[in-house]
């Protein structure tokens, strides 16, 4: 079996696994009053999806003509296996595959770059909202108490606006904030540059037509 | 009748309609003590202008050689019909038509892109100011009380400065703020890129001449 | 006499006049306890430099082969005559002429664009600092009390950082702030774009050499 | 002996010296309760590394075929000798040499520009954190008390987010903040532009392959 065929076959199962992983991360944070049994269930889901991603990675290494070259070219995969918080990026990747199959006609290169970097920004913001909420809620002197607060804080942070009505006060919360600021600069830089380029192209075309 | 002729004929009436719609949105917010009769009048104006835009859209669909292709190419029009808050963008479009007719000689491509994206930013900021004022004024713990406050907040937000002296506290106010932050990043990104490009071109020319 | 010769001859006197105008604007703000006589003296300096700029403009219009074309091409000059606060931009212009004469060998196009847009940013920030200080000092609820505060506020505003420790509270102070935010976005956009371009060029060259 | 051979030979010793200088700057700030002997030791280390850099500079001037041309081309070196706080930039330079020797295959031009400008940002942020901590700690009304606070403040400042939960209140602290804001705009502008360019290139390639 070729690696291309494997990737095509596992596309939908991996999308489901990524969504389940995200759910297993989100639900216990959003519902802090969860029972012991349900907590265990979501931990099992986390573990199961992690095993699924591990198996997928090992199989792809085996199927690749040159395993070392493949591993070096796909360093993000290893990162995602080691750092669970980066897992949602798998979701973006699957989304990218989808848009590659179906969206080629509708969207130009800039449009797809905007969708890809924009989706990565949304996932980054969502993950950071959940992470900061689980860390800051209950901390002494914290002002991020609800999921709504966390989403608002993430948007204010990722765009670099920084009102200062809400901000993390714990070391881990600040680390999440630093990741979000720099990640936002990079990803929204791609979105803005693509948007400006797309805008000028459309503007020029409307000028001629 | 061709679609081009329709668009040329309806240009001025649609400009008036867009201005009326904006006025019908702004006046009840800026004058909260309005009588029942006046409130009704402005609601009728809103409805009437909406019907005008709907009729214009349907006529254009009929006049287009391929209605489906036209609808797909002008998705913004549908969005504007469904979400009244985006309506002022019609105004920018008309403004664009005007600048296309008269301004071709004076402004280069970058100049017109700056005027277009800059006008869209002003309209976005103005709409967001009005919207946030109507939502936040009177909310518990809110600090945006007057139209002056709202305009100052919108400028501080759209440029990403974010002092934090004023900020929305309600869910709807925060949603407006999020739209303004991301919209400002995109539109002001176009303005800044166009300005930098125009500046460098003029600078280079001044260097040679 | 040709217009080029006039511009070359008046270069140094106009530079002195621009510096005097800036001083006449700055001194009464920085020293609020000035005597009546000194206040009058600085107002006379303001008036005299304004007359100098007006005479220079009229002479240039007369010397130009096509006065109307010249006026249309130099709209900034009229703006500067009407709005005294924009006057310091004359200073930048003179500075630009100087760097054109002497700096051609040392700095590339990007370097000069950085110097020009950077100087305009410094002048804009300095003018805004003085203006905001004269407006906010003594206003009810204001937190900008000294020139040091005003400079710190201007830097925090022009870069879009916006801590919110200091911010204008009067309508005129806010208007100055809005001008500074948008002006900073434009001018620092040019500086940043030029710096990135210059950096990549030098980086590429170091790569080859 | 040629200048190239000297630079290759002194690479590792200068890297060690730069690290020692950074340590000699950091340790007395991070450990304010240091004994008199230890303070003296770190001051000696500072002096010794400074002499090392001075000797290196003089030797390079002697080895260069045209000393004046070399001095004019390497103005950063003089700056670094006069202003100790800029010294860590030497570290980045050595790092650049390393990545030139070993990393040419792995990273493209944009990748290396990102690593270089990113490292400079990290060093700038680290130096500013240490400097602001030594200045603000103990100042009246200051809110930056620990190294963790200082790093968080530096990240919030360099990205232009500016929550305003922490900010310098002394004149020297504000000067450091101004340097960090403008330096961050320039360096992170390079990082963002390189990242966007790299992203679009990879995106285009993935599109074709």
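Just so it is clear, A, B, C and D label the chains in written order, and each chain counts residues from 1 on its own.
Everything that follows uses one rule, which is that a residue touches a chain if its C-beta (ideal position, glycine included) is under 8 Å from a C-beta of that chain, and two chains touch if they have at least 3 such contacts.
What you see is a predicted model; the values in this text were computed from it and never measured.
Engineer: Do the two copies chain C and chain D share over half of their interface residue numbers, or under half; same or different?
Structural biologist: Under half shared, hence different.
Engineer: Give me the rotation angle that lays the C-alpha atoms of chain A onto its copy chain D, rounded to the nearest 5 degrees.
Structural biologist: 90
Engineer: What's the chain with its C-alpha centre farthest out from chain C?
Structural biologist: In terms of C-alpha centroids, the chain at the greatest distance from chain C is A.
Engineer: In whole angstrom, what separates the CA-based centres of chain B and chain C?
Structural biologist: 31
Engineer: How far is the middle of chain A from the middle of chain C, if each middle is the mean of its Cα atoms, in Å?
Structural biologist: Chain centres of chain A and chain C, defined by C-alpha means, are spaced 44 Å apart.
Engineer: Counting only residues that touch at least 2 other chains, which ones in chain D make the list?
Structural biologist: Correct list: 160-164, 193.
Engineer: What part of chain A is in contact with chain C in the complex they form?
Structural biologist: 160-164
Engineer: Hey, which residues of chain C end up touching chain D in the complex?
Structural biologist: That would be residues 148, 152, 155-156, 159-165, 188, 191-193, 195-196, 199-200, 203-204, 207 of chain C.
Engineer: How about chain C: which of its residues touch chain B in the complex?
Structural biologist: Per the stated touch rule, the residues are 100, 109, 112-113, 116-117, 157, 160-164, 167, 171, 174, 177-178, 181-182, 185-186, 189-190, 193-194.
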